[in-house]
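First subunit A sits with subunit B, and in the next complex the same chain sits with subunit C.
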Partner chain A sequence: MGKVVLQSAYNRSKVALQKTSRGAKIRIGLLILALILPFLPFSTDYILHIAILVLLYMILALGLNIVPGFNGLLDLGYVGFYGIGAYTSGLLTYHFGLSFWVIIPLAFINGAIWGILLGAPTLRLTGDYFAIVTFGFSELVVLFLTNEIWLTRGPLGLPGIDVVSIDLTLFGGPKWEFIGELPYYYLAIVMVLVTVFVMYRIQDSRLGRAWFAIRDDEVAAVSCGINLLVYKVIAFAISAAFGAVGGSFFARWVTFLSPDMFKFWESFLILCMIVLGGMGNIWGVMIGAVVLVSLSEVLREILPLLGMPVNVRFLAFGLIMVLMMRYRPAGMMPIAAVAAQMRAGRVKRKKVKPAVGIKK
Partner chain B sequence: MFLQQLVNGLTIGGIYAMIAVGYTMIYGVIQLINFAHGEIYMLGAFFAITFISFLGLPFYIAFLVAMACCAVCGVLLDIVAYRPLRQSPRLAALITAIGMSIFLQNLAMIIWGSRPKPFPHGALPAYFEKTAVTFGGVNLSWFHLFIFTITIVMMVGLNLILKKTRWGKAMRAVAQNKTMAALTGINVNRVISYTFALAGALGGAAGIMVGAFYNAIYPTMGYVAGVKAFAAAVLGGIGSVPGAMLGGVVLGVAEALGAGYLSSLYRDGISYAVMIIVIILIPAGLFGKVLKETKKSM
Partner chain C sequence: MKPILEIKKLCKNFGGLEALRDITFEINKSEILGLIGPNSAGKTTLFNCVAGIEKPTDGEIIFSNSARSISIGGKKPEAVTALGIARTFQNIRLFDNLTVIDNVKIGRHCRTKSTFFGAVVRNRYQRAEEKAIIESANHFLDFVGLKGRGQEIASSMPYGDQRRLEVARALATEPHLLMLDEPAAGMNPQESRDLMDLIRHIRDKGITILLIEHDMKVVMGVCERVVVINHGEWLAEGEPQDVQNDPKVIEAYLGTGAADAA
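For the complex of A and B:
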């Protein structure tokens, strides 16, 4: 008897080991592929540029994912935080010449502060109102960036932001400046790895569990003693902070900022990545970023040949969103809880048998 | 100066009110922020300009035909995009609404191009430009009067429809409680279609008037106007038709005066700021019912 139990336990653990190791193999394989990408024969500066863009959008999409994916709230103003982060980075470099490594935590904190400022009064509201408030906020950010010329130079843009550098001169070492796409590529990989690590840790933490409880059923979550507002504000602040970090990388990478870069389109694109990949699924969101950035760049090349403005590519993204919601509402890589959630109405209608004399 | 701004504000405010009414009616019946409503407004203007320049219709006829087309567009939008999601969580419907808005906007960009289009020369009746009334140093053109008249007629007409007709009664019933309405024999889906038709026609009319007022029609015009009208609907209390009307006018005046006296750079920001402040401080708006907070948002 005892032997059988042991045996089955052994088998189970063996299966579990095989499963995890397979997943790990894929992950390590992908990581190695990403690391050697610049040295593959077909990779050019253009390919690297797009790869960095993919990585940047991965950070942004993972950050946004916290709000709709983990908490089930629609955030339409994510690009506002992205813009705040980018301008934080740009202005601190432009005026004070701060190093990128100092700016990253500053941008993180600044994003979080704005997230709390916006989230604390508005997360009390129902989801629709929250969505529209975030939208208004991001529009106000763009207006501010456009009109406060004394600070941001307005529509002229903020040029000549210093590149990232590793400065060891204080310790008698050399100073490396990041020139070309290659160092940024590896910097972006590191940032994505850190983001993914943080996301996994949050997902499996007390915080993450509380968020999932809120997403799945707010009433049940409250009755378990979860303070809805506090947890939602934390989620919104962390999401905003990652947006700001993405922005600060963006500023130092392209070394030029203008308010036009932070219009609603960007929020929409990032939201589309999450919807396509699967809300709440870290891998899905990352794959969504790969697919949509690539699609976006391909369309950007093709559309001018057809004599169309480049922005028409959003037609495809709009269509993707509508079709996904219609046929695969939980995304291409759905996680079970979200999938159940997204078709709650349909399932319920089949299951519930009306009992005589009992009102719902 | 003040009076001139006031007149401009009232004119634009009336138009916002017409769009806001559409938002609020649709929210009333299916509890969805129809983000694509601003696109219906934009389509209205493009339909009108197309009918005028390709079919050579006179302005007034084109106005009516374009309104009808917008009504059809509204109904189609509901049937194609929203109806399959009636039983889905609100998040899914909301994302679909945004997707449709972006889709329609870019469709318009493909069909009509992204440059602002004016009405063809001589398409607008010539007397629009002429001054009708002058008081206190303010010139009111016939066009201002035209917009005022149309706005008032449509608002009164809408109120009559909602209050006096069977369909209006059915709409109000559906807005109160879909299940009970269905139990009393109301065809809920058809009533929702009628609501979309009505909202679409009003939105289309607003689009044509704004397009003619500024004489510029472009695919992204619905985006800003849509958000402002939504702000007006929120200000008035979403779900309340008189609230949306009042909200539109108040917002239009606030915007004109704010642009005139505070900063014209933040003209668009005024409505966003009003919207955020209203949502935070009085989420029920001026006339709205208190929202059921327990209703799940997802």
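For the complex of A and C:
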């Protein structure tokens, strides 16, 4: 009897396995690999630290991807929202001891509010002008964090932020603090999964389609009844919200913040991940994060051995970007349409959007 | 019956250039009206003024859908679309990187509601709406003759099919008035004939059609009335045959003296 049940369960799982597509199998495999990574023989605290960094940058890159990848707008100031999220979370923890689980939704709302505040007046600008404003914004955030010493302690940094903890003492349970890299690793995996889930759902919805329409042709988009400004502001707000959530995680993970962690080159690095992976492609963006973060760490080890300063790695990133633009401008994993064209052997450069908007 | 669109003394200046001057005409409900004129006569500018992409310098545009009459001069394009005016473009403007069905789904945008919250939670309302979007998108693809091609990438379709897709996307916004900007441009005779059938078919659904067209075979074959403009001014109006033989019109197209020669 038991054998029969087992046999039918085995058959059913076999059928289920045959039904899942190759792509889905790869995804499930990668997820399992990620889940058992801490227990593999070669994994050390250092490896886990890098892995968490990769996951953090996945969240940031997926968040940024909404603006250039889904909407076709260049955003050079993403790190501003990351910094705002990190400092808001850090200060709330430092002064009021707020729980991480309360902070995360607050951070999302906080980021969205800043996104709307910056986006609503500036998203009327087109192309390069908008990019310059976002760049200015991120510099402004760094200057604010450096100079408003009464609030942020300025260049001294903000140390002693509490670690994440699960506090069940209210219900007579234990209090469990996140010590070491392992709990943060799993927390980061959960956060990435939620982010990817949200991105997939948006991608296949009325909201996502409106964004893609704006990216492909603004004039045609308005004539389908899409309000450009409203949908761009929504995009910018959601993107900023994910940046702020990433920042909150960062603050509670490293427990120390200083303004120079949010310099412009961070924005550039995240943008590179998107371009390298494939703008607008969720999987591509995640792969971009894996490649660039790992490469950055490898170069950090190798460059001193070659007698070069560590910051030479930015030259290496620049070189990669130039090569990508020359040989594979759509990224490692382009969006479906570009991939189809490449398969058909009709590789054509993606149409550059004119810098002229709709005359109002 | 009240005309669906009344254009009264419409003017549009670009700096010192008068693109449109005192244009006045009407479009009756459920007719196919042709708008013709030589190059740079101001046809597309007139379209853009009606669609809300250009703001008229002076004059009035009054649109009467089934419920009420509204002055739409200077309204935003998305508001005009929501009222029930859809258009296609002279040089095809599709969402190149998206599939055919997604292009039509985007046309449903102004008739649907859910946003971020609905997208993430997929509540019952959002699921029902999404299902309705897919059904009507398929219906409109079917209507223009692109059945079963929903998964192709828009930019990889042949030219004639791209034109059809643009019409399907415009129809998906549920317009009362459909404006077609040179739909037959670049089409071979067979494709033009199919297009004319499609235009009549759309009109039979009760949708009024305003058509800019250079291909005289199409204009003569499908339009019930024709308005001619030249140098931004109203020139003539009437049935296609009468307009075709109007000396003023011949002169506008072929130059002075051509009318006598003809």
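Structure notes:
Here is the rule we go by: the second predicted complex is superposed on the first by the 314 of 360 C-alpha atoms of A that agree within 3 Å, B and C clash if a C-alpha of one lies under 4 Å from a C-alpha of the other, contacts with A are read in each partner's own complex, and residues count from 1 in each chain.
The rule is simple: contacts are C-beta pairs under 8 Å (C-beta built on N, C-alpha and C of every residue); 3 or more make two chains touch, one makes a residue touch a chain.
Computed from a prediction, not measured in an experiment: that's the story for all the values here.
Shared-chain residue A:Q341: touches subunit B and subunit C both. In the overlay built on the shared chain, the residue A:V219 is in contact with subunit B and with subunit C.
By the touch criterion defined above, A:I238 lies against subunit C but remains apart from subunit B after alignment on the C-alpha atoms of chain A. In the superposition on chain A, no contact is made by A:R27 with either subunit B or subunit C. Applying the stated contact rule after C-alpha superposition, one finds that A:P309 touches subunit B and leaves subunit C untouched. In the superposition on chain A, A:R209 contacts subunit C only, with no contact to subunit B. In the superposition on chain A, contact is made by A:M325 with subunit B only, not with subunit C.
With both complexes placed on chain A, subunit A has more residues touched by B than by the other of subunit B and subunit C. By the document's definition of touching, neither partner reaches A:R300: not subunit B, not subunit C. Once chain A of one complex is fitted onto chain A of the other, the partner contacts of A:K175 are absent, as it touches neither subunit B nor subunit C. Overlap of the subunit B and subunit C interfaces on subunit A: residues 215, 217, 219, 341, 344.
Of all residues in subunit A, those touching subunit C in their complex are 198, 201-202, 205-210, 212-213, 215-217, 219-228, 234, 238, 335-338, 340-341, 344, 351, 358-360.
Touching subunit A in their complex are the following residues of subunit C: 51, 53-55, 76-78, 81-82, 86-87, 89, 93-99, 102, 105-116, 118-120, 122, 126, 129-130, 133, 153-156, 169-170, 173.
Subunit A meets subunit B in the complex at residues 68, 72-74, 76, 121-122, 125-133, 135-137, 139-140, 143, 146-147, 215, 217-219, 264, 268, 271, 275, 308-309, 311-315, 317-322, 325-326, 329, 341-346, 349. Those residues of subunit B lying in contact with subunit A across their complex are 31, 33, 81, 84-96, 98-107, 109-110, 114, 223, 227, 230-231, 234, 263, 265-266, 268-269, 272-273, 275-276, 279-280, 283, 291, 293-298.
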